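Sharing a structure here in structure tokens format.
Letters A, B, C, D and E name the chains as they come in the text, with residue numbers starting at 1 for each one.
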Amino acid sequence: MNALETIGLEKRFGGIVPTNDVNLKVREGARHALIGPNGAGKTTLINLLTGVLKPSKGRVKLGGTDITNLKPHQRVARGISRTFQINQLFGELSPLEAIALVIGEREKLGTRFWRAFGSDEKIVGEAIALAKQFGLADVLGERTSSLPYGKQRQLEIALAIAGKPRLLLLDEPAAGVPEAERHEILETVAALPKDVTVLLIEHDMDIVFGFADRISVLVDGKLFVEGEPKEIENDPRVRAVYLGERTDD
Amino acid sequence: MLTILFDGIAYGMLLFVIACGLAVTLGLMNFVNLAHGAFAMLGGYCAYVLVNVYGVPFFASLPVAFMFAAMIGLLAERTLYVHFYNRSHLEQVLFTIGLVFMTSAVVDYFLGSQQRFINLPAYLQGRFDFFGVGIGKYRLLIILVCALILIVLQLILGYTRFGSRLRAAVDDQRIARGLGINVNWVFALTFAVGCGLAGLGGALGAEILSLEPHFPLKFMIYFLIVVSVGGTSSITGPFLASILLGIGDVAGKYYAPRYGGFVIYTIMIVVLVLRPQGLFARGTSK
Amino acid sequence: MIPASARFTWASAPMTEILRIENLRAGYGEAVVLPGLSLALERGQSLALLGRNGMGKTTLVNSIVGVTRRFGGKIVLDGKDITALRPDQRALAGIGWVPQERNIFKSLTVTENLSAVALPGNWNVERVFEMFPRLKERRYNLGNQLSGGEQQMLAVGRSLVLNPKLLLLDEPLEGLAPIIVDELLAALRRIIAEEKLSAILVEQNAQKILGVTDRAAILERGAVVHEAASADLRKQPQILESYLGVGKAKRA
Amino acid sequence: MNTGNTVQDSVTALKKKRAWHWLEYVFWLAAAASVFLLPSQHALLTQIAIWSLFALSLDLLLGYAGIVSLGHAAYFGFGAYVAALFAINFTGEPITGLIVAGIAAGLLGLATSLLVLRGTDLTRLMVTLGIALVMYEIANQMSWLTGGADGLTGMPVNPVLGIFPIYFRPANSYAYVLIVCFVLFFVAKRIVHSPFGYSLRAIKGNPLRASSIGIPNNLRLIAVYTIAASYAGIAGALLAQTTPVVSLTYIDFQRSADVLLMLIIGGTGYLYGGVVGSALFLVAQKFIGNITPQYWEFWIGFALVVIALFARDRGVFSIFERILGALRNDKAKP
Amino acid sequence: MLRRSFLAALAATALAAGSVPAAAQETVKIGLIIPLTGPFTTTGKQLEAAARLYMQQNGTTVAGKKIELIVRDDAGRAENTARIAGELIQNDKVSFLAGFGLTPLAMATAPIATNSKIPMVVMMAGTSIITERSPYIVRTSFTLGQSAVIIADWAAQNKIKKVVTLVTDYAPGHDAEKSFVDQFKSKGGETVESLRVPIQNPDFAPFLQRVLDAKPDALYVFTPSGVGAILMKQFVERGLDKSGIRLIGPGDITDDDVLPGFGDAAIGVVTAHNYSTDHPSAKNKEYVAAFKKANPGMRPNFASVGGYDGIHLIYEALKKTGGKTDGDALLTAMKGHKWESPRGPISIDPETRDIVQTIYIRRVEKKNGELYNVEFASFPDVKDPVKAQKK
């Protein structure tokens, strides 16, 4: 069973085709990495998956259901969560508030306007548990904007997980994290719940090969190669893409 | 019919000369300068004082009005506006409305709250017949002066190094800075010229729009409409919008006087709702 | 290629540093991409900056230009501390920049793109046209009417008319057709190897530029992890493979 | 590290946010006391209360949902006209009038919200401005109904709920306005501290993230725009009930601008900004106005420039904070 | 935060309380509520200047009482006018309310006057109905109908058959249009077209073009004071004067205060109004001279005489009541009062409490290099025609 499947996905901006006939299959429970050089079209692909962009052609299926025409928040309700390459957090809220907010929205309680926020013990309890799991227990009540970058990065992932996604899109989770805080992020990523399917976009090969059980290489908007990490590592075509042809002059 | 067209063009040209500076501030610097009309008013009053009090010839007062408004603009930009470039639009709105209040009160204090008109030389008054089309002399002058300004602006923008540096800065500020263009200075100078043009427009327009201390608030909406409908990425956009607004307003009132009051606002809302991004392509929210 | 020692005698003046970066901490917003980078470059030398995506190459270049957020450290150009200068002042001080996305000014013609930023010196618009005759043919076209290769030539030309002391080229070969790559490479070779303009070249694709530059540095997570003469590095594919290739790190 | 405690602390802190601060009790008690203690200022206090409510409605938009409006008087004026016409044609009972005005203004808000939500701040400024200008023209042109520039008079104001007379009883009418304000403040406070209120803050803080955790941004914004319009309508209705004439100035640009200025002076995003701002604004207008009636605008303008230069979200208080901050600058910056 | 507003409010009471008692028995206070900020500032300034001038000329002691003028700005907002009126009555214990630059401002205060039985002297606002809103209202300005009807009469008598009307699209404009059109029709004239101009209208060109196309004998115009100048200039610029169309209207359009700035365009415009700076009486010459001396750069206009005569009426009423400030007694004293104003003989209609005055037909001419409304015909003892019709 595929958690995610794209069928002939294509996006055009004028003459540019950043996503070109992409047929991507991500197995249920997979740890799937998406790599590729600069400008390969990874960002556009993510935007197509989350519904920020509408495809010019092709379909997106989540767990077998066609979600091509759903709006971003409707896709979230169907189980797609994502993190961003550049943190997208609520600077004014505390981690506790932010996580509780996500849980509340997940439980469809976001339109309650009379009940006090945070009065639902179940939600707060779950939020605290999650925060502990992501190493945020000691900064629960602080303003997010005042947290160190590494903690913000943790929160970025925690927010995505709080939505209990079936499919999690991780966009360069370790980008910009100082070396000292890096291992925490890696541990977090490694410890993600097993029932969540993960699609990882990453340049850092340590992370990719330490984490992924399957790798797709995207080049010029097309799926170039796909396979087990070992296959990819030894694929001469991939090597050519990354190292360049030797121009024996 | 042709007279209506002529009147509309004159009116639109006037709006353009005053508002094009606003397009520059909004488009280039992403700055909501509601005080733009204040510079027009200052230019207008400057010309008024020169002509009516000191007896300076009308034509000589125009360049002075330009310089006066430009200098004040430059001063304000360097001392006050510069602190607001990275602030939210809301703070810019507040700040510039505050400026409007202050200028209005100051003008009222020194020059009184009556309407003022600049004494025009006799040869600019009245109108003549041109193959059956009535042409107002003063309106013709407005069209000529504004057309001249438009041409000069286009020449400066298109054929001088300053012009290309300015366009480069508008295209991509970050890269322009990295390639040695002092964007701050380019903008300051442009801001000053924009204010100067507003001042010149204020002096030219005093006859038609009339000068009074509430001028900036009264016409703010019109300037904003010109800019929002025309967009801010070039001067042709606001120019076309001004002419369109001028002709549309004049013609709308001529043919359907009852609804004259609604037309402009409704057009503005419709345009903005249909093409909000297109019109403010550079003015993304902060 | 001329060995470094040979050049030393060829250049009668003693070699001096054109660029020195000390413990540079920089990034965007809150994120620190370069946690403390140091680097030096001799006058007349060229450096290839290698590394995978997202390792800080572009951030380093942008930090030299001055368009990133600096948290600490120092940048010295030709003996002059430029750390506190604005980007436009740095350009006047002698930094020439070919940005990653090329960023041709789209509403300027080819000639204007050059003349708008030109500073007095060896390089002028005419010389750029000599070097890239294609640009001369298209001199009245607007920036957004050029092909990718032409844009790249223009970006290079634009940085040259600044008459810089140090040229920074950020992925100049990215996304170009092979024939254009060759043409550009030839031009770069002329500028760097023959005219001895100090330069830093960023490239993902190591093989293409190691033949052009004197030295090479490999960046990983914002730090220089390997530095060597380009010629030496070319002969050590296993090093390139481990830092730049696809696969798990093979170092301890 | 004593994690257990910090967790407990932050949960307590979360609960504390929605609890009433002692200053709030003091404020409302003082407001209640002023009914008895300040008879000479009831008229001014009534105006302050109404402006506060109007500013509160804008705060819901701006301070909590991040929607800028330069045309909020459209709903204020609409509410006022609806209340007046309803009183003239059906019943002069004030509470009924408020409810009708609130619903009508809310519906207008709902209808226009679709126009407002598109685009950037600047587009919103212009569109809201345009809506208010069109409303103004409509009120002016329909002078057979609204009285146009001469104003709409002859609106009956019966005793509230048939028992509490407010017509020409400044103390009673102030008490009435105050009670309405209190109830609406209470409701607003519940709203902003509810999950719905937090989702608004999330949208304001980061719309991209908000939609990617499943918040339907537009629906929520439409909801709050409707609520805010309804609040503004009620404020307008209150003014109509306490002033003998409803005129075009209820709806004019000046009013939209003033309410924005008041809110900003007082500070956004903590509900009481409007109170502080309108009190400062009106008291200044009154007392500076008594000294220099013609030029008080200059000083208001000056104050705005200063506030814009130095203040942020918290309006005048940011300036105090800055001064305090400068005074104890020996502490290291965070 | 509360503390601030609370303290401010406290301070306010203290101020108010402190200033009242000392001289309460000896002082009669007049509350003058006028727009001094916002778009109607000019009107407010004229009213204030004239009121102060009258007090300066006639002393501040009447019937043994000291007269004090309290000036307040309502910024042209009705809710402010009503609030200030209430405060003046309650806190400052004024005996008269005066001023009222615009109709809604007067309407908003009317019930307060009724309720507190305090005379309310309307010095500017001109809609007919105002005086009917409270038995305590008297008016010393004019009603719109007075000028509109008289100019219609004059037009009909002077070979004007076809007229286009052009008024600003707001309630007073509608009144001015109706009064004129009805009267003109009853005298046998024909109104070929009635145009209404939006309030926010910077350019009259399209409307004037329509007028030109309609080729009437005269164009009848009413706009708020201040807008007239632009219209006039465009009228001439468009050559309407040369095509034989006469410009007529109520005197608002050739406001004496603004007229000097009109330029020669205005010469020849015929209007009907209650006052001209040029009114050739000794009383007026003295008035104008004193006004100009006290307010350099300003020329007294019709608003000013409203203020001047309003204070006069208050003084005279106090004299008649012997300084008693009982509202009903003061009203009785005011009703039917007749006196010589700078504008000529005027009186207060005892039935309607509205003003009865001479309406002059004037033509704009240049005298000593300055523009004036020169009177050349007069219609004495004109009452408000709207009320007359209702009877």
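Criterion: a contact is a pair of C-beta atoms (placed from the backbone, for glycine too) under 8 Å apart; a residue touches a chain by one contact, two chains touch by 3 or more.
These numbers were taken from a predicted model, which means no experiment stands behind them.
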Partner chains shared by chain B and chain E (touch criterion as defined above): D
Touch-network distance, chain A to chain B, counted in steps: 2
Chain whose average C-alpha position is farthest from chain E's own: C
Chain whose Cα centroid lies at the greatest distance from that of chain D: C
Distance between the centres, which are taken as Cα means, of chain E and chain A, whole angstrom: 72
Separation of mean Cα positions, chain D and chain A [Å, integer]: 41
Centroid distance [mean C-alpha coordinates] between chain C and chain A, Å: 33
Chain B and chain C: spacing of chain centres that average the CA atoms, whole Å: 44
For chain D, residues that touch 2 or more chains besides their own: 133, 137, 140-141, 294, 297
Residues of chain E engaged with two or more neighbouring chains: 38, 41, 45, 169, 198-200
Chain pairs that touch, as defined at the top of this document: A-C, A-D, B-C, B-D, B-E, D-E
Contact set on chain D toward chain B in their complex: 62, 68, 70, 115, 118-123, 125-127, 129-131, 133-134, 137, 140-141, 253, 257, 260-261, 264, 294-295, 297-298, 300-305, 307-309
Residue numbers on chain D that touch chain E, as the complex places them: 23, 26-27, 30-31, 34, 38-41, 43-48, 133, 137, 140-141, 143, 147-151, 153, 168, 170, 239, 243-245, 247-249, 254, 266, 272, 275-276, 279-280, 283, 285-287, 289-290, 293-294, 296-297, 317
Complex interface listing, chain A residues touching chain C: 35, 37-39, 86-87, 149, 152, 172, 175-179, 203-206, 209-210, 217, 229, 232-233, 235, 238-239, 242-247, 249
Chain E-facing residues of chain B, complex: 3-4, 7-8, 11, 108, 112-117, 119-120, 122, 125-127, 134, 136-139, 207-210, 212-214, 218-219, 221-222, 249-254, 257-258, 260-261
Residues of chain D that touch chain A when the two form their complex: 1, 3, 6-7, 9-11, 13-15, 18, 190-191, 193-199, 201-202, 205-206, 208-217, 220, 223, 334
